[in-house]
Every structure is written in C-alpha cells, then in structure tokens.
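Lettered A, B, C and D in written order, each chain numbered from 1.
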Amino acid sequence: MPYQQRIEGIPFRVRRVVKWGETDPAGIVYTARFLDYGMETLEAWFAEVVGVHWQPFNVDMKMGSPVVHASLDFFAPLAGYESFTLTLSLEHIGRSAYTTLIDAHKDDGTHCFQIKIVASIVDKSEGMKSVAIPAEFRDRMEAYQNACRTAAVGD
Amino acid sequence: MPYQQRIEGIPFRVRRVVKWGETDPAGIVYTARFLDYGMETLEAWFAEVVGVHWQPFNVDMKMGSPVVHASLDFFAPLAGYESFTLTLSLEHIGRSAYTTLIDAHKDDGTHCFQIKIVASIVDKSEGMKSVAIPAEFRDRMEAYQNACRTAAVGD
Amino acid sequence: MPYQQRIEGIPFRVRRVVKWGETDPAGIVYTARFLDYGMETLEAWFAEVVGVHWQPFNVDMKMGSPVVHASLDFFAPLAGYESFTLTLSLEHIGRSAYTTLIDAHKDDGTHCFQIKIVASIVDKSEGMKSVAIPAEFRDRMEAYQNACRTAAVGD
Amino acid sequence: MPYQQRIEGIPFRVRRVVKWGETDPAGIVYTARFLDYGMETLEAWFAEVVGVHWQPFNVDMKMGSPVVHASLDFFAPLAGYESFTLTLSLEHIGRSAYTTLIDAHKDDGTHCFQIKIVASIVDKSEGMKSVAIPAEFRDRMEAYQNACRTAAVGD
C-alpha cells in the first residue's frame, strides 16, 4: 500500500493514504490538514521539478519560496484509510511569483478538493525581498509546463 | 503570558503566541499552520457565539459545519514566540452557509494575514445534506453581526 | 523518491522522507513529530498485519486500540529531506496489551531513534473496557512474531 | 474560556482546552498530540523560568535543548472541548541534562496523563556537543525547584 508515493510520469502526481491522525470525530479529514496535503505536494514537486529541496534552498542558498496566497475548495470528504491522488499543474509563471493548482481525486474519479497556491521567490540575504525567479529554475518550470501540455495532448 | 486567550468584548478576538513547533527552518510559521490558526479561531467563536462546540454539535446533535472554501492571504511573516491577535468578523449569513473573515495583527499593528472561511450547516442524519441554519443559531449569528457594527461605530 | 512507502517483506518496514513542515528552526525534526512517525507506522502495521484499519476497527467494530504507554529515545537528529527507514518489531503479546518497538535508521546505518508503544484492545460497547485480544488478531500477531524470528535467522 | 493560559503562581501550570483538530474519530485526543502538549508546556516553562525562549536560544545564542528521552503514560482519555491543567515539576538537574515531569489533570481531579521529558543543553557552535548547563540557567532551575518545594510544604 503506497502511503505517499510519487506516481511516475507527467504530470506530477502523488498517491496518498489518509492517516487516522488526520481525521476528526466526524470521521473525515480535518479541514486544516488539507493545506498540509497541498504544501507537501508543492514541496515534493519543487524538489524534483525545480530541482532543489526547500531545506538547502533556505539554509544553504539563503533563498526561500514563501506562499503569498492559498485557496482551498472542498468538494467531497475523505475518510481514514481512503486513498487519493494529488496532481500538480503549474498554472502561471510570473516574474517572481508562480501559481500552482493541486487537484485531489479518489480512485473512482471523485474530485475531492482543489488547492491553489501562489508562492514567490525571495532572497533572504536582502531581507526577504522578492526577486526574479532564477533562470535555471524558470527553465525547469517552463519545461514542466510544456511537458504537461504535451502529455495532455497525448491522452 | 497569554498563550491563546479570548480577549473580552466584541468583536471576537483571541491573543496567540507562536509556538516553536509551528515554525520551520526559515524561522517563521510554516504555511500550513495558518489554517490551523484560522480553524481554531472559528471553533472557539462557534462555541461561544453560536453557542455549541463542534464536539456535541457533531456527536450528539448529528449535525456538522464543514468548510466548503477557505482562502488565505499572507502579508507579513511571524516568528517563534511572537504574539498576535486574531479577530473574527462574520461577513455574510446565507441560507445554509456563512462566511467569516479572520484577521491577524501584531501588537504594533502589522497586518500579518487574513483568512476567509466559508462553512455550511449539514444534517448528518440525512447524509451530509446541507440544511438551513437553525433559527436559534441564525439569531445568534445576526446578533453578533449587529454587535460588531455597534462596536465599530462606537470606536 | 518514496515519501512514505512500505518496503516489501518481513519485518515490517516503511521508508520515509522528512518533510519541511516537520522540521523546526534548528533545522531538524521537531521532537513532537517523532510520536507521529511512531503512530503512523503502528497504524500501517496494524492495518496490514493485524488485518484491520483503525477506522473500521473503531467505527464499525466498536473496538479500539488505545495506547497506554509510549517512550522515545533519541540518538541522532534528522534534517529536512533526509530519508530513513522505520522497522516495527512486536516485542510482547499479552492478554489485552501488546508491545511494539519501532526503530529508525538512516541509509548509512545511523540509529536515529527508538519508540516503544504499548497498546491494549478495548471494547467500546462496554465502555472502553480492556478485553482479551480477539483470537484471529492474536493468531496474526503470533504469525508476525514467528516470521520475524525466521527472517532474522535467515539473515 | 482560557484556551491555553498560564495559571499564576508556583508550580508552573497551564490551563488548556482540547481542540477539535486534536481529536480523532474515536472522539478523543489522538495519541501523538499528547507529546505536543508536553513540548508546548516545556517550551513555555523554559521561556518563563529558565528565562529565554527556544527561538533566540537557538538562533541568536547558537545553543539548543534537544530532548534525549520522553515517556508518556496514559490514564484517562480527553474529549474535544474538555479542559485540563498541565503542571510541570523539575525532577532532576544534572550536569548537562535535566528531567521534567508534566502531569495533566481534569478539573474533577482525574489524572489524565504524565509525560517525562529528559533534555540536555548543547552548544551548536561546537556541533551539537552537550555542555554543562550555563550557571545563570542552573540558578533559575534550582530556584524553581526550591520554590516548588516551599509551595508544596505550604499546601
């Protein structure tokens, strides 16, 4: 059983099982945990696709990618031990900010929730000032967008 | 030091201290924790103002108040041990849904973040069907809205 | 990259990656998160080996497996994005209680932490009274113990 | 309603309300959350009694207080919205390590759980090496121990 596992290929998808400790007395995932699901997906995508994990990005490179906006829409509840798949699409790449959409579906196709996260790139040596996305990261982001478009056409 | 404490009076305000475990290697509150801040404020307001805590509301009354939408805007980071105040306003009362705005400010007036939460009222004995907000709860919600308006005028 | 994945075979092992949100300003996993690691491993083992997930065990079967004691020993810190493997051994099977040991190692063999969890089986229809471990569960627990001994001999 | 508030006086006590998001489908606090309760109490005590919060202690002073051992004993469950009081006693002060006991009681006197936490003092500029507790911190720890003994005699 894949508790939390990258599904090979494009787009970036992660299979996830709802843990007991993530559910509340109503027997479903507690609302605040969904932003954890969104953030852990963004983190894994950033490490693999953009190419650096937030730990060295922050601690060694003295940069960061703070979230400036997040919105969550809930369509169907998830209970303990249910499986679902999170898919990340890169909706927009700006100068400093980029926008991702994370959609969660059950195996039967039910759309459970959608999370939009807008994050920017900052230089911590300049006091958290937002800076242009470095060229090598931008290139990888654009390549991901293109690969997703190609994959979608091929479906 | 009030780690998390209701400030007397209208509007509904809670003082909060950032815990060490809520901060990340960047030294600031981890993004996903902010929805916890929003939800714990909504929970405390619901218990006091609407008049019933989610635990008996769900378990004994077989009702619930699932969140259908949440959005978060981040304006300034918060570090460990910083204090801030959360203020809840009730922006809209619909048939089944209601919209709250939760604003967080530091003591120096800095606006740190704003969270909008839209929740609805459901009857769990009818399979999570959304129902009209029961009259006694609606009355208390409207009284809260009116009291906030009066308090604002009095400022 | 396996964020959290069962490694096939005996003993029960799960590969895990440290998430950014699990680390603190010291850049290492926050102490309280380790009990989450222990519990999520116990939950996954219980579902697979004992044969029922806590969700139906609690909600449908009206039973439960509350923890009565847990102890944690920390040997080496874990930083963000580090991988480690959790191994669960079943140390003791009593009348109602059972004791598990969960050991975490990095890929280079470093022993990071050990968690001991003692849980019991209760019947919730009889007011959380501890009851004898049902025969079918006991059989599976004993089979797991035996399989671990055989695997160890075969090493 | 004091969601989480220091009770004036000696010993160090904090009143706490169980949050909805801390409870699981069994309707009681999820096991892993108890170590959060223990750690947040230790953190608040350390800031007030030892005299420095972990944030400046780690980030500015380049020191730290990692936990080397924790054990938890559970005596009675806690449900959502229940209140309880956490009391911290300083059981032992060693050269580098110190041992605290955190006991939780409901208002009716029920002993819910006890957490023992052993932490040490490290110098991060010397690679997380454990060092003697600095004299000013040791003095405050001993003063706290003495004040607790005096308060107990006075009961």
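Throughout what follows, contacts are C-beta pairs under 8 Å (C-beta built on N, C-alpha and C of every residue); 3 or more make two chains touch, one makes a residue touch a chain.
Remember, predicted model here, so these are calculated numbers, not experimental data.
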Top of the farthest list for subunit B, CA-centroid basis, is C
On a C-alpha centroid basis, what's the spacing between subunit B and subunit D, in Å? 28
Based only on mean CA positions, could you tell me how far subunit A sits from subunit D in angstrom? 35
Among subunit D residues, those touching two or more other chains are 20-21, 23, 25-27, 30-32, 36, 39, 54-55, 59, 80
Edges wherever two chains touch, nodes for the chains themselves; is that graph a line, a ring, a star, complete, or other here? complete
Touch list for subunit B against partner subunit A, complex: 25-26, 30-32, 34-36, 38-39, 54-55, 58-59, 64, 66-74, 77, 124, 128
Using the touch definition from the top, list the residues of subunit A that touch subunit C in their complex. 1-6, 14, 19-21, 23, 27, 36, 39-40, 43-44, 47-48, 53-56, 59, 79-81
Could you list, by residue number, the parts of subunit C that touch subunit B in their complex? 20-21, 23-27, 30-33, 80
